[in-house]
Structures are given as C-alpha cells and as structure tokens.
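Down below are the structures I want you to see.
Below are two complexes that have chain A in common, paired first with chain B and then with chain C.
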Partner chain A sequence: MLRGAAGILPLFIFLLVALPVLKVLAEVAVPSLETWRSLGPLLPLMLRNTLLLLLGVGAGSFLLGVSLAWLTAAYRFPGSRYFEVLLILPLAVPTYVLGYVYMATFDYAGPFSTAARQLLGITLPEIRSGYGAVAVMSLVLYPYVYVMARAGFRQLSRASMDVCRVMGYTGLETLIKVALPLSRPAVAAGMALVMMEALTDFATVRFFNFPTLSEGIIRVWYGRMNLQAAMELAGLLLLFALAVVSVEHRLRGRAQYFQTGGGMEKKHLRGTRGAAAAFFCTSVLFLAFLLPVLQLTLWALEETSAPSTSLEMYLQLLSRSLSLAVAAALVCVLLATVLAGVLQLGGSRIMRRLAGLSTMGYAVPGAAVGVGALSVLSSFDRWLNSLLEGTLGFTPGLLATGTVLGLIYAYTVKFMTIAYSAVDSSMSRITPSITGAARSLGARPLEVVTRIQAPMAVPGIAAGAVLVFVDVMKELPITLILRPFGYDTLAVWVWQMAAESMWGGAALPALTIVLAGVIPVAYIIRRGV
Partner chain B sequence: MKPQVVLSGVAKSYGETPAVADLSLEVGDGEVFCLLGPSGCGKSTTLRLIAGLEAPDAGSIEIGGTPVAGGGTWLPPEERKVGIVFQDYALFPHMRVRENVAFGLRGWSRRDARRRVDEVLELVGLYGMEERYPHELSSGQQQRVAIARALAPEPEVLLLDEPFSNLDLDLRRRIRQDIRRILREAGITAIFVTHDQEEAFYIADRLGVMRRGRLWQVGTPEEVFHTPATPFVARFVGTADFLRGVVRDGRVRTALGEFEVHGEFPEGAEVEVMVRPEYIEIEAEGAAEAVVVERTFLGGHYLYTLRLLSGERVRCLQHHDVTLEAGTRVRLRLRASHTPVVFPRSTN
Partner chain C sequence: MKEMRRALAVLAGFLLLVTAGCLTVEQKPAEEEGVAEAREKGVVYVYSARHYGQMEPVFEEFMKETGIEVRFTFGKDAEIRERLKAEGRFTPADVYIAVDAGNLWLAAQEGLLQPVESEVLERNIPANFRDPENRWFGLTMRVRTLVYNTERVSPEELSTYEDLADPRWKDRLCLRPSTKVYTQSLVSSLIAAHGEDKAEEIVRGWVENNPRFIDSDTRIIETVAAGGCDVGVVMHYYLARLLDRNPDLPVRIFWANQEDRGVHVNIVGAGVTRYAKNRDEAVKLIEWLSSEKGQRLFADGNFEYPINPEVEPHPLVKGWGEFRIDPINVAEYGRLQAKAIHLMERAGYR
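Presenting the complex of A and B:
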C-alpha cells in the first residue's frame, strides 16, 4: 500500500544525500599513511591553520555579534533603530568577495596602505596573513551570531532585567552574568553556523596565503587531480565539522530557557557614549558592507570603458548561475516536500531519524561534499557505462561527472537542510485537526489539498527555494570541483579573476552575487530581527 | 426526546491498545452532553468516531436517524452534518475570520453565506472582527471563531474537544458562560469532551463518565455526583472519602454511625461507604466522635479534615463562621437529606 511505498521514500532520499558524506567518513576510518606522507609538511600546517581559523573566526564573530546585539537590544542611541536592521546586511557578502576586495584595497600597494605610509608614516599590518583571513571572515560572518543573540536577548523578561538593576549590576555585568548565559543555546547555534562557513571557505585563505584543509582539498584536486588525497583531506575536514557540531550540541545542552519575553526596556545612551556606540556600529557596517559594495561599484563603473569581462561573457555567467541555482532549488524543495509530507502522514521514529540525518549535509564543508559527491558519481558513471556496454552495446560517457547533473546532485546534498527546515516548519502547522476541521466542514479530500494544505505549505516551500537559490548563487568549492570542464559561473569567475588580480573583471559578477545575497537578509529582516 | 446521536457497541483500537470498547450511548435532540474522564480514557477518540475522522472497528453510529458508520455503511466526515471544535481550534491561518467561518458554506448563495456569517459571528460576540486574521485575535476570540465556523453550516450535532483547556482560568470561567449561552441559543445537540468535572457540571444536561475506553455511568450531573456507580466515578466527580462498614439487618455500621442500605448486600458483607464533605455536619448531638486534624480556608467555607475514633479520616465542609483549631474534639453526623452510597469493599 501507500504506507509501504511511502516508507521507502525517506530511506531512498537518505541514501542519496548521505552517500557522499558516508564515503568521505569511510576515508577517515581507513587512512592511507602514504597519501599523508606525500603531502609533506603541508599537512600539519593545514591542520594547524584550520584550527586557528576556527578559533579566530569564532572569537571574532562572537565579540562582534554579541556586542552589537547587546548594544542594539539594550540601548537606544543615535540611529540605533536603523542599525538593528542594517547590521545584518554583511551576511549578503560571501567571504571570498570581501576577501578579494580587502586583498586589493588593504594590500601594500593598495590605497589604504599607501595613504597610511605617505600621510601618517606608518606601515599597516600585512593583510595577506592569518590575521587578515580571520578579520575578513569575522566581518561577514558575525551576523549569524548577531541574529541568534538578539533572538536570545529578546526572550529576556523585563523582570529579570529589573532584578539586575535593583541589585546594582551595570550593563556589562548584566550581559555577562544574566543575558549571555540565558541566550547560550541561541548563541551557540549562531557560532556553529559561523564555524561551518569558516570551514567551507577556501578562497579567502588562498588569497591570504593561509592554507587550510578546504584549501588543500581544492589544491590537490585542482593541481594534482589526486582524488585519493583530496578524499583523505576531506575526511579530516569532516572531523573538524563533526567536532563543531558536537561542541555546539554540548553547549546547547538540554537547556531550553523559556521566559515570558516582552523584551527589555532600552536605556538611553547620551552624549559621547551615544556617539561612540553609533560610531562603532557605523565602522562595522562600513568595513563589512559599504566599503566592499562601493569598491565593487567603482570598479564596475571603471570597467565600462575597457571591460575585461565582456557583456556577453557576463550574461552567459549570469544565465548559468541562475539556471544552476533554480534547478538546485527545485530539486531541493521537491525532495524536502516529499520528505516532510511523508513524515506528516505519520512516520516512525526511525524515519524521523533518517530525515534528520538526510539534512546534515549543511554541516559538511563544501569541499568535502564536493569530493565525496565526485567519488560517488564517478563510481556511478563507471557502473552505468559497463552496464550499458554489456547490455545495449553503447556507452553514454560521463553522464554524472561530466555534466551539470553531478553539480546539482552535490548542491542538493549540501543544501537540502535549508529547504527541509523551511518546508517542514510550514507543513508542521498543518495539524491533523486542521485537516479534520476542513473535512467536517464539508471539504472533500482533494479540496483539503487545494484549499488548505497547499496554501499553507507554499510560503515555506517558496522560502526554502529562495534560500537554496541564493546559497547556490554564491557557492564556490563544490562548483569548482564538480563543474563540467570550462563551465564558468559568476562565483567561479570572481574567484578566477581575483586570483589573477584582475579586480575590475570580478567586480560586476561579485556585485551580482552580493545583490542576490540581500534577498535572504531581507527575509530575515521581515520576519523580525 | 428522540435520540439525535446513537452509538451501539462501538469499539476502536490502535494496534493492541483498545481506545474505545463496547461503547453504547444515546444523546437526545437539543441536548448538551458531556464525556468526562481522565486523559487517555478514549473520550476524544469517541468524538472523532462520531465526526467520521476515525472508523470504528465494531459497532454502529447513527446521526439524526441516518446510519453513518458500521454495518457496511460509511459516511465520510464531509457528509455527516457534524461541526467540530478542536482543542487547538484548528483555524486556517491563511484565511481571515470571515473566510474561516464561511469555509463550510458550500453551495450557499453569496448573499445567504454573508448573512449566515454575520449571524453566527453576532451569536459568538465577534461582530466586527471579520477582516482579522486568526493570529491577530486573542485565544478566547480564536476559540469563538472556531465555534462560529463549526455552527455556520447548521450542523445537526456540534462536537467540542476540550474546548477550554487552552484558556487561562479567568478566561475559562467567562467563556464557559458564553458557550453555555451560545449552545442554548442555537438549540443545537452538542457533545463535548473534558477532564474537568466542574466544567461538565456547569454546561452539561447529562454527562457520561469514561475510563479506559468504557462508559461507567451516564446521568444528570446531580445523579452522577450523588449516586456514583463506582468508587472511581465518585472520586472523579468530586471529593469523596470512603469508610469501612459491615452490613447487619439491612443496615450498615460505620465509624460515622449506622445507615440504611439500599441494594443487594448479604448479611455480614464488608462494604465501603462514600461520604462527601458536603454531607457531613459538625453537630453537638452527632453520633460519632472525631478530632480536627487540619483546617483549610476556601473563601466562603472551611474544609476540615477530621480523624474518627476508628482512625479513618473524613473531610467536612463548613461555613466560614465555624472556626475550630486543630486538636479540637467534635461530634459529627451525616446530614439527614443524604443517603450514603455503598460499594462492595473489593472494588477499587
């Protein structure tokens, strides 16, 4: 019956999505020392840098995210109402775009360093370093912590704030002793997202000459075409990701603090203190969003006279990125809807677990998903070719690894989570009593679908599709690993041009990606910061 | 009174667990009937069976003289003329109040539908809220929309599943009054489910006490309160103490005195006698001696816990002007108007 067929579906989706991850995990279980030896001193360096990057970006985003969230949640100062919303904007800038802009503007020969030397007589610290990478990533990733911390702070009751005030706590003491511990689960979730993004990035660390595991995977695959070594590194990278997930789990604990919210009463910051708060917010916003957008716009305008990226080229990149993103978004929401729908019909505990596992791809860094999918797909290609050659006497060629199909598959592995959680959250509102009410009011089963279930689920499905769409638009490592030969997208083009120091040529594609990134930010803002 | 809803020998199990077992029940036209029982007793399942959201494994159901389930017939919920109000209200979040209420008015002309929506919104006191979305309403208002929506298509029976459980205490009292008025004004047959005996007493014409999928007693609130069929029913619908007793010569002897026994008990049978705090008086002439153990202030009354000479404890409700300290010796007697209910001792 339906029950049997429907029971198979989650299992099938799970296998589809989990296979690349499982394959990479298997590499960790059977490490080949020879491969590690072949990497020489690079391996310990990559491990060290990955760890440093995680800690550095984690600390940086924590400081920026929490302080900005506290400032805007607990105080009123000039412009604070606008900063509340605007401070999420840096989320729209992918790490590698800010990395490329900073590489160009803060380099020794760039305008800032030159000005500092000539006017002030000081030498700015070298941007192409681990510090530079940490600074750049913290600047665009802190909004994850910011948004989550604000959500946590919002649950603080006015009463608990009043208790602090009566006991004579200062603002900072209240933050450290009450507000932060209460929002720990939320902040931990935000930090985990930041660290996953930091693990995924390979381009910024490449620009800044700070090789990490992600960078290493791309290097051995791209440079040496050594899939085995790439898989081994992906396995190590996956261990880092698992560590992040489990630490987050531990930090979140069983603690779920629910307080009757109502928000806190904001204190007015006047005079210099108000000005200092406003200045701090403005600086962050400038460095993380305004500066890159302005710089990219300037470059793009300069480019119009003598373009290094022709209009035809740009349009082709745009149409490729758009169609990949649309296709991946459709596949993701289709699978997510099926999964959520089947579970709604009444899934067993095992099925729910599988659904949970099917969506863990998001925690796996892009480069690991990329090589995992590549390995699965090339096995599939070999199997399909030998099967068809044996039975029909022809070979279809590299159906999965040589076309965009493989790319879309890998995107699905990585981004299913986003679609699933959006779809599931809206579908879980369609309770049995909702459908029961519709039936007893005279609606036939088909009508229940068209008048109740579909209209209630569509907003979630649409949101899921948009979020996947935007993530694919800016995705880089998976695209680099799995794209068909010579198949450039906007993100790939930005990466290649920037790597060649052709700042202008990368500007318009980068600006397009940032523009797409503003969409989910607007979505977050509309739902209330 | 002709029966509007008839259940005969209805049974329903989920896997191995029987949710409803051999349940028979008749609810009269225009009657407000309550299924009362602890959570998991099968009362909500019974409601879902009547609504057609579940199919019975055995037995049959009739609504308005038409068989709707059992004996080879099956009418889907949309053809049963039954309105249902869910515990979580189940309002459609993407529709305004007007659209929610009009949802069941299929085949009505636009003008009639509009008039009907206005009418039921007026009835539930939400006139003027038509253009709001459910999330813009308070939970009390949401519930009244759910009732209006269920009443709009003029169903023959209205089913309400724990209609007050999502409301806070204060609101609950007010809404309870409203609902009683609405049901009476609409003159509709209603079956509602609750675990709160106070609610059941307040609204119901008759009620049935359920436990473990079975109906243990059906009757008016007064009948169920004063002459409970089992000790469980006695405890569930009010405060009850049980005194050991022995039957001699058609009378039962307890620590509180001797009473006549109604019913078939052999000579020398060991029994339990139910007494409620409302039945006992502190009286200088009383037959039994007792010591005050505890006094609880309930506003207009005091609830005294007393220890009898046998060591058994009983509770007794007194007006607030009777103030006794713990340790005081008193005499008790059963109010003359109450014949105590006697159960064989082995029952739980």
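Presenting the complex of A and C:
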C-alpha cells in the first residue's frame, strides 16, 4: 500500500491530464441542439467528410502498408534490403507539409499538371478534393501499418509457411489466407494510429476544400471565436476517435497468436517481377518523401535571394519551436516517470485503471484537446482572479489562457501517453527484487523512483523525451488554438505561408520540421524495423 | 551510475533554464516593458492584422520623422479582437490595424475602439471609408474585382459579379472559399445591394457553375493564367504583384459593375483602442498614415490604392484607369458578415 505523496501523485496527474478530455466528453453528454443548428448545413457535410476521410485514408494506408510490408518481408528483389528501411521515412513528413507541397505542385497551375497537359495532353484529377486529401494522407501515414504489419509478418513461423507451400498457395493467397489473419492485431493497431492522425489533421483538408470536424473546430474558433460551437464539434470528433479505438480493440479481440520459430524464408523475385517490385517501392518512396524534400529544398534555395521569411524571423520561429518542444518533453517525461514508477511499486487496481485513462490523450484529436484545454484554462483563470480579488484585492490577469504555460499544459495532455509507454516499458524490465530491497531498507516510494527506477530506465526516458519533442515540433492544431498572441512557431508559420501560396517562405521551416521527424524514424530503424 | 544520474540532472536543469529563458525573455518586451516605458520616450503599440513584411518600413519612417517608436505584434483579426477583449483595460495596444472593414466594424461594436475627433483625418479620408462615429478610419483601398484570361475571354463578355451566376460561366470560374473574410464582405455587399433572397440566388448561381475553390488570390490568378479557369475574383493588388514580376502574364483586370453601383472596395483601416495609454501618439500615427508621405509608403509597398484622394496611386495600378466605386459605407460589411456566412453555407458555397 502506498501512502502520502506517492499515493496521491498518480491521482493528481490523472486529473490534470484528463480534465480537458472529460470536459469535451461532457459536451457530448449534453449536446446543445441550438449550437448544432447554428452550424447549419456545415455539420452534416463535416460528419460525412470525416467518415469518408477515415475510410479512405484507412483503406489507402492499409493497401500501401500491407503490400509493401509483404513485399519486403516475403521476397528478395533488387534493392529490397534498402527499401525495407527507407520505406519508413515518409513518417517524418507531417500531413500538412505533404499537403502543401502537393497543392503547389499538383494543382492546375502547378508544374506537374502543367507538364502533363503540355507534354501528354492529359488533365490530372483535381488535387483540391477529398481524393487529394486521401491520397496525401495515405502516402505519409502508411508507415504505421507498414511497420506493424512487417513486425507481424516476420514473426510468422516457418511451419505455417511450409504448410502454405504444401497447399500450393501463391504468394497472394498466403498473404490473404494466412499471413494477414495471423497478423491481425498488429495491422489493426497500425490502422488505428493512421486513423487518429487523419482525424487530427485540419490543415490538409482545409488546403483541399474538404472540411472535416477538425477543420470545423478551427473554422468556428479561429474565424469566429465561438468556443461553444468548437466544444460541440470537439465532442463529436471525440466520438469518432472513440469509435476508432473500440473497433481496434474488437479487431484485436482476445486473440493471441503464438508463433514459434519466426523468420520466413524469402523468395527471390527475378526479372520483370523483381523490377516491378523495385519500381513500386521506388514510386511510393519518391511520392511520399523524395519529392517533398527535393521540392522544399529547391524552394528554400530559391528563397535565399529574396527571402519572404527573413533569417531573423526563421531563427525566432526555430527558437520558439525548440523551446516549446524541449519544455513539453521534459514535463511529459517527468510526469510519466513518477506515474510509471509509483504504479510499478504497487498501487491499487483503480489507480492502474486511472493511469490507463490518463494516457488516452494521444487518441484524442489535437483540435479537441486544444479547445478542451482552453476551456479548462479559462475556468482556472477566472477562478484564480476572483479568488485573489476577494482575498488580496488584485487580479493577476490571464496566467494560463494564451500563455506558454497553458500551451505546454495542453501538449502534456496530448503527448503524455507516448512518454508514459516508453518509460513504463523500460521500467517494467527492472526486477521487482531490486525495488523491493530498496523499500525494505526504508526508502520511501518517491525515493525509489528517483534513485533506483529512473536511473535504470534512462533509455526509456530518453526515447520518450525524443518522441514527445518531435511530436511537439510538428504539432499544429493545439498550438494554433492556445498559443500566446502573435506567437508563431515553425508549424504555424508553414501553415500560414502555405495558405497564402507563399511556397518559398514556408519551405525552410517545413524542411526543419521534416528533419526533426527523421530522428525517431532513425531510432526505429536502428532498433531493427 | 551515479555520474550518469548527475549528468542527466545537470542536463535537464540546463535545458529547463534555457527554455524558461527563451520563453520569458520573449514575452517581456511585448507586455510589461511596453507599458512601463511608454510615456517617457514616446511609444505607440500596434496590434496589426496586416501581414508581416509590409509594415516594418512604414513604421521605421514614422519613427524617423516623429521620434515616436512603434512596437507591434501581428495576429489574425479575430485573434486580435479576442486579445483586446481579454486584456481589457490592461491592454498594451494603442492602435488596431485591420485588413477588412468587417473586422473594424466588429471591433467598434464590441467596444474595443474609442472615437477620435481629428480634422486631419476628416480631411484626408472620404466619409464612406470611415466609421460614422469616428472609431475607425480607412487607410488604403483594395478592390475585389474580376480578372480574366486574355486568350479565352474578351472584356466585352464581362460585366458584373451577378453575371457570374449565368450558366455560360459553368466550369470557368475560380473563387475564394467562404472562410476568407474577403469573400464574406463581397457577399455582404450583394446583400446590401439586393436583399438576402436575391443575394442567395446569385451565390447559388455561382455554386451551380461549379467553380474551383482556391484559398489564395495569387493561386487563383496563376490558375487563370494556366487556363484552369477563365475568370477569377481577386483583390487587385495580387494581380499587380504578379504583373510587376511578369508583365507577360495573360491575365488582366476588369472593373465590375461599372454600369450600376460600382466595384466592391474594401479597406485596410485603423482605430485607437479604447484603453490606449498613448492616445496622442496613436492619433498621430493614424494621421501620419493618412498623409501624403504615409500613404505613399503604406499603399505602394503593396500596390494598394491610397484612401486620400489627393495622393496618386502607384503607376502600375494607376495605369488601370479610373473606376466607379460602390458608394456604400464599408461598415455595412461588418454588420452583414454573419448573414453572409450563413447565406453561403445554405447555398453550398465552400
């Protein structure tokens, strides 16, 4: 049994992190029909588009992710060893960055469409559409499915593969009848991540005129400062997220497939088939990573002669993004370490449940976390001001709303999960006898956390910090909703410049964000896909 | 293990310090210092929705001439108003510069601006471009009108905004989405001219013509140039910017509604905030911006039309000739904004 600070801390962290989500949930429980009516015909459109986007991006990343994973896991073909690793890279490109590059290069006036018209005489399909949004998002989100599916495929036992061969299955039949069903939990988890990212995006769908619920939240809040309507939409968005999570749970089910003797034998693809496989991988890699990086670099170089984003401005944006990301990473890691450490020492079942709940922020789309946090912070400010006015006779003004502090709080709500799972998995490898010994020697629980568990879990803590850092660097909706007045970050700048068709001005900041995104990808690669 | 822990603690502490430093250093000049030092040195604090890059040279020149320092923060209009509301009497801002009359009207309506009696402003700025109660003043004009591809359309085919609802423009239009305030104000002007029902009919006509919705005036013009559509509706200065760089662009401007009420004009304008601490300097800044020198810098940098009739426009846009302007007071665009938004939603305008 844990007493004192150690007993209360997890509860406190839980409340802190869960409040915004609970507030948004409360909106769903008591919907305001009047607000819905005020949204008019937009609401059904947003609901429809959100659903279509989920299905489209889900299907797109499933097809890309599973086919690429199967190709690289089951076959050898020219370059396959490199593709295995490189195909994760698109994960480093945020959806809105690829969206902006595609808007600039594939829309009617863009170079690709112009070339296609002039050289081939064909008109490319309109990129500013639902199809465009689905294509762009599938291209950068498929790696979630790819990584998970590959891990699943690699664990398939040689025995099952032998059975397939005896049955005379072709490669495709093996995939559909055996490999995919056996890897279902892994693929489902990857798909869930993809769909959550698709729900969070508001910038790409805004670029492509495909308003979804996330776009709607930004629209009514940023355009009309209507927090009430934004909260209602956030509630609906949360329902979509919950649906995704529960479908994933159901797909995963209780099924656990144990495979022994993993490592299937790779088949050689020769001749045209090998070339076709290599071509497929190359095209995906080109469209999702090389093209945007090359185009951004080109723009950034063009920009150097007459910059629309001055170097001074860029450095200021960079320093803001870095400071926010570092601060958020430290806060998340600190809370995660305490939470994971204390819970590993003991703690009731209720506390474990709560811990599970307090880490659900990641499943909540950014715009919903943003307005939820905004509502919590402004209540806090009002309470504090009236308290101080009553007791001390002065009002400190807004300490949490529209300040860096409030922003970091909202980041913590959203990204604590990532830090927690990294720290927790690292700590769970510590033998209980060590912590037990420390406890029996009289160490208090928090002392055990700081002196034993944390030092032993340094790799997990570092990994958690890096992941949070990168996510904050590229985060857009929360930043837009809660940032201090006039406080532009790299991500906000990219969005604003791209929206004004100032491709060049957005290039260097976007490139910086992509570069930061490569860090965790490199980490995944080093750990062996 | 012990060293590692210590190193980690030092590193974490260091990062925390640096970050805290970065985060607080930046906030200070924006808020506290601005207020404290303001009175002695002659400072004016501006919240500006006009874009980054267009304001700095203007403010620098003002400081050279008057010795008054201009400090500024950029933001979107809705953000600025929300900020002014939240700060109340503690706001550091003395002047609010907005990019659409609708925004100025809303700010005045919400009690964020104070009236200013100034003969200079009354002389320099025509009455339909300032608040009837003198809470805000137009500084430059931006004309939202038609542009066309010279290889596909002859100017005789063009006439009015209303005419774009005609089926012969099917699949030939490029329009800006309804989220942009420019579009909202244009539709407000239709409501003011025709009433809500007729205006909705017109907007429905546009939508039935299946326009391309592109959220950037520059991109609309580029798409018109590439033949993706034949006619677009944009602010005139975006075309001026592109023609300035590439005079061969096959796109030209057409002044809409010259046979009836005149072309739709919007403003960049400014007002003194209700709780301005440097009221005199604030008024001086706005007066200077409406003067010959101020107008030159403020308007020409972005190819906008000066509001002061005494001041000649930039040669490039002057070459586009004289035109008739919708005489409505631009305050109406603010009053009708909410109606315009809902009308577009009903009509299925993106």
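Basically, the second predicted complex is superposed on the first by the 503 of 529 C-alpha atoms of A that agree within 3 Å, B and C clash if a C-alpha of one lies under 4 Å from a C-alpha of the other, contacts with A are read in each partner's own complex, and residues count from 1 in each chain.
In the analysis below, contacts are C-beta pairs under 8 Å (C-beta built on N, C-alpha and C of every residue); 3 or more make two chains touch, one makes a residue touch a chain.
What you see is a predicted model; the values in this text were computed from it and never measured.
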| item | value |
| --- | --- |
| First, second, both or neither for A:Ile434, with chain B first and chain C second | first |
| Partner chain in contact with A:Ala443 - chain B first, chain C second, else both or neither | first |
| Chain B versus chain C as contact partner of A:Val30, first or second or both or neither | neither |
| Chain B versus chain C as contact partner of A:Pro455, first or second or both or neither | both |
| Touching partner for A:Leu119 - first (chain B), second (chain C), both, neither | neither |
| Contacts of A:Ala306 with chain B and chain C, given as first, second, both or neither | neither |
| Comparison of chain B and chain C by chain A residues contacted | C |
| Touched partner set for A:Leu392, first chain B, second chain C, both or neither | neither |
| Overlapping contact positions on chain A, where the chain C interface meets the chain B interface | 455 |
| Sites on chain A touched by chain C in the complex | 40-42, 107-109, 114, 126, 128, 206-207, 209, 211, 219, 222-225, 308, 313, 319-320, 322-324, 326-327, 330, 397-398, 401-404, 454-455, 458, 484-487, 499-501 |
| Residue ranges of chain B in contact with chain A within the complex | 48, 51-53, 76-80, 82-84, 86-88, 90, 92-94, 103-104, 106, 146, 149-150, 153 |
| In the complex, chain A residues that touch chain B | 429, 431, 433-434, 436-444, 451-452, 455-456 |
| Touch list for chain C against partner chain A, complex | 1, 4-5, 8, 12, 15-16, 18-20, 22-23, 26-27, 30, 51-53, 73-76, 78-83, 86-87, 90, 177, 179, 212-216, 218-219, 222-223, 225-226, 228-229, 341-342, 345-346, 348, 350 |
